[in-house]
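Structures are listed in the sections that come next.
One chain, subunit A, appears in both complexes that follow, with subunit B as partner in the first and subunit C in the second.
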Partner chain A sequence: MRRAAAVLLSMCVAWPAQPAFAYLKLSTRANGRQVTLKWAQTPVRYVVSSRDAAAGVTVDEFQAAVGRAFAQWQAVPTSSIAYQFGGLTAALPGQDDGLSTLGFRNRADMDRVLASTSFLVDVVTGSLVESDIVFNSSFDWSTAPAGQLGRFDVESIALHEIGHLSGLGHSALGETELREGGGRRVLGAETVMFPIAFGSGTVAGRTLKADDIAGISDLYPDGGFSTSTGSVSGTVTKDGQPIFGAHIVAFDLAHGSMVAGFSLNAQGQFSINGLSPGPHVIRVEPLDDAEVDSFFDTSLTVDLDFKVAFLDRLVIVAGGGDRGDVAATVSRK
Partner chain B sequence: MPADLTELSRDARAIARGRVVAIDPRWSDDRRSIETIVTLEVETYLKGTFGRTVQFRVSGGELGRFRSVTVGAPEFSIDEHVVVFLGADGPSVPHVLGLNQGVFRVVRAADGWVVSLPSAGSPISGSARIVRGDTSRRPVALADFEQRVRTLAGGPR
Partner chain C sequence: MTHGSLAMAILLTALHVATASAQSSVAVPGRLELGGGILWLGGQSLGTRDADLTTGTGSTLRLFSSTSDLLAAAGVEGRVAVKLTRALEAHASISYAKPQLRTRVSNDTENSAGATASESIQQYIVGGGALWYLPSNSSSSRLRPFVAVGAAYLRQLHEGATLVSTGQSYDVGGGVKLLTASRTRKRMKTVGVRLDARVVVRTKGIAFDGRRSVAPAAAASLFVRF
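Showing the complex of A and B:
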């Protein structure tokens, strides 16, 4: 049965490594250590499955749409990530076969999930072997330039999933509402890596935002990223104790954009890289409106019991510099 | 993020609360991908039934030198207490609804077992904005959570 209210994108399994990192980067255990899921060599070669199709979208249209999404990530000037289309394949996505395959498939366990990204990791070397993206063919899809009523936009969803394929986890820069009768609807998102997609019929998710650009550039820095942008780092404490999993948002007053990160270690430390020089408002908030499993490994205890707080001063970011003196204090609900 | 409890409760074939007692990675039936069979010792069903122990399938797992990670697939640990919303097609091994949307972790707090919910149930009419940091949002006592799920699922109260 098709569910109109199903708007979920794949969710991440992120184990933040030490020390504190900006953004959530996907990682996994390999050979007794945590390794970031990151491509050691680029371009990342991918193939498109011609096996299953979705009503209304041909293989050529699908390949072109995902190609545009790959191109957008590759065009980020401060990132070195690159991709290469390797042709069509009769293989299905989601098979552990050494190929990074994108395509449609109808899987029972993807009930109410639009698309999902998977990785195969060599646990001896820690290297990525492949990454597949399954688009759920039980939904209605479209590649129309302006979207199509009642159908989900392939390019928007591909943009999100390719962020995962590249190693990015979810970003929490989004807002939702509950609807009568069930389901959540996205009211707005300042990232394509928000775990819930916009509804059908829209192409609102086709454009990378400042948070996405900062994240991919932090993973694969290039083109003056370290000198043209700056960072904010510091700690978050409650009752004098550091807290884990606080969401910290840096709002760029000059551009009206947002980049966010989390406090990612036992010391409550955070670091947000890729910020435009200039004044920023810093907001600290709990991830209490989200399914925490979609951001963090379940073994980690994320503190959700605190009120939203703003830093009592503007933070002036300098290009190539780090404002490492941010000490944010929050209080219990 | 989960759809919400209303959808999950309505659509699940069975809803079980229990303790994870086994986690077994294996090759899928078509031998083309790695999956994990999770065994749950059931303490109670909030909807339907699959027996005193239930096995369900999740994507990913580690076999030999390879680890398959499906982004969004739930992961479990032995002795963990969970409520799982299960779906099943015919006689196949059940699966968790919506990857990790269909898993709620039950944890012990100072005043008993609780479940953290990102939102309350759907509004009776219209829509309701979910506000991050809402000071009224707190973990729900397990008994209250179960009562809510039973009600949404149309089961016994």
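Showing the complex of A and C:
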């Protein structure tokens, strides 16, 4: 679900039983066990709804824009996921009809939600069966190459929602500030999977970042992903006690890229996969730049009462290896 | 003048001096030289890199800054040299040092206190070069000034030997050999002390900004000649 700036709605993500590698992946309970939400077979076939439209965007322009977004995800060299355009349909997105449909619907009731993704899951295997993306036509949209003032960019929002369609949850790799009157404004983000969109008129969200590439490659690894990249794992503690929901950022000194993860269980364990080999700086921060329920189920208690901290040593990532000895400690605010 | 052109200028000057002086230098007794001693390698800057977020306008927002250095370190060095002419030697050398790779983090957007993160690097430099003896004032002098140039393979192992970075190292410098004992009729012809200073130019290896780095170095060693 991609929100307009200052939105307060949430996308709940089930808590994985074990730390997820490198990203917040969606998961579900199937047949009594927790499984990662993903497609069992690819290419993922999708269709585009021609039934509703948004002012200023034709069906052809919409289909071309989402096609470019699908192509970006598919072009990730270390991921095997593929998509296939299945044509136009008169069906609306959000209907459980076995078709993964993308299209506009007027959802004026969701006044701060730009788009949302829904899933149909096989309850036995946990595999995705269908995933629809609704673009809220109560907003103004554009497919202009350089964006259009006052209109949200279809391709940028499609890129985010297709991440969800593929099984990715939200990433917290961004900074926001509170707005007067409520909500948040994005100051910067280094992932297309940040839960809050940039404002209208921008196309800055059209490019996948290292964090997104690590996430999709972790879900659908291909090529040399397992050998050409490495991982960092460890624990986060405060006052000697493990904490849940800490956001850990691994900064690659050689390339300047960032990939992030969370401490995801009661032991404070985290794991970040898909890192380029080389020295990394580790930064730990509280999840305070978006609503917590954008990332985790509301039944979970996320610790926000600690200061940003850096690990006092560089972590060396080796291709195909895991540095599982990272013990990060944080202190109260 | 860039680091690279500075090094090249020093190298050319050294070559010129060596060529001009070769005819008048005094040979050091013995043809084969073995030596070993301690080495000090100066620190080198590995550059600054920001952890940037992308803003809605496509510009960047700095999350924090990082500045990295490979700190100065002491090490050991071994050398074998062969006399080619009265004034010219070829040598092969190997050195080992364990410098710290240090990264300082600052300017955090959430006002986190600055921090320093570091790790130990095991650094091996294996290479060869040439040495020219400069003219000496007296044939009986025990001091033998020289200039030298070298090129080497650089191998740097990160902590726990989990990752290897390789590159090249080039050096130019000069120094003196102090002959403490010379016995022309014995198998061991000469025993002495070598002191030298160098400018070291390194490419690749651990280099976050992709640039060549220049660092000073100094060494002191004992040698024997046969």
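The criterion applied here is as follows: the second predicted complex is superposed on the first by the 308 of 333 C-alpha atoms of A that agree within 3 Å, B and C clash if a C-alpha of one lies under 4 Å from a C-alpha of the other, contacts with A are read in each partner's own complex, and residues count from 1 in each chain.
Convention: a residue touches a chain if its C-beta (ideal position, glycine included) is under 8 Å from a C-beta of that chain, and two chains touch if they have at least 3 such contacts.
Quantities reported herein were computed from a predicted structural model and do not represent experimental measurements.
Trainee: In this superposition, which partner touches a larger number of subunit A residues, subunit B or subunit C?
Mentor: B
Trainee: Which holds for A:204: it touches subunit B only (first), subunit C only (second), both, or neither?
Mentor: second
Trainee: Going by the contact rule set out at the top, does A:97 touch subunit B (first), subunit C (second), both, or neither?
Mentor: Once the two structures are laid over each other on A, A:97 reaches subunit B alone.
Trainee: Applying the touch criterion given at the start, work out whether A:307 contacts subunit B, subunit C, both or neither, answering first, second, both or neither.
Mentor: The answer is both, since A:307 touches subunit B and subunit C.
Trainee: Could you look at A:175 and tell me whether it touches subunit B, subunit C, both or neither (first, second, both, neither)?
Mentor: In the superposition, A:175 touches subunit B and subunit C alike.
Trainee: For A:317, using the defined touch cut-off, is the partner it touches subunit B, subunit C, both, or neither? Pick first, second, both or neither.
Mentor: After superposition on chain A, A:317 lies in contact with subunit C alone.
Trainee: Is A:184 contacted by the first partner subunit B, the second partner subunit C, both or neither?
Mentor: first
Trainee: Given the touch rule stated above, what does A:279 touch, subunit B (first), subunit C (second), both, or neither?
Mentor: second
Trainee: Counting contacts the way the document defines them, which residues of subunit A are shared by the two interfaces, the one with subunit B and the one with subunit C?
Mentor: 175, 187, 285, 307-308
Trainee: What residues on subunit C touch subunit A, complex-wise?
Mentor: Those residues of subunit C that touch subunit A are 49-58, 60-61, 63-64, 66, 68, 101, 103, 105, 108-112, 115-119, 158-160, 162-163, 206, 208.
Trainee: In their complex, what parts of subunit A are in touch with subunit C?
Mentor: 173-175, 186-190, 198-199, 202-204, 209, 249, 251, 253-254, 256, 258, 277-279, 281-283, 285, 307-314, 316-318, 321, 323
Trainee: Which residues, counting only subunit B, touch subunit A once they are in their complex?
Mentor: It comes out as residues 1-4, 6-7, 10-11, 32-34, 57-60, 62, 65-77, 80, 87, 89, 92, 95-101, 103, 105, 116, 118-135, 137-138.
Trainee: Which bits of subunit A are touching subunit B when the two form their complex?
Mentor: 3, 5-8, 10-13, 26, 28-30, 37, 92, 94-97, 108-113, 116-124, 129, 164, 175-185, 187, 195-196, 247, 285-294, 297-299, 304-308, 333
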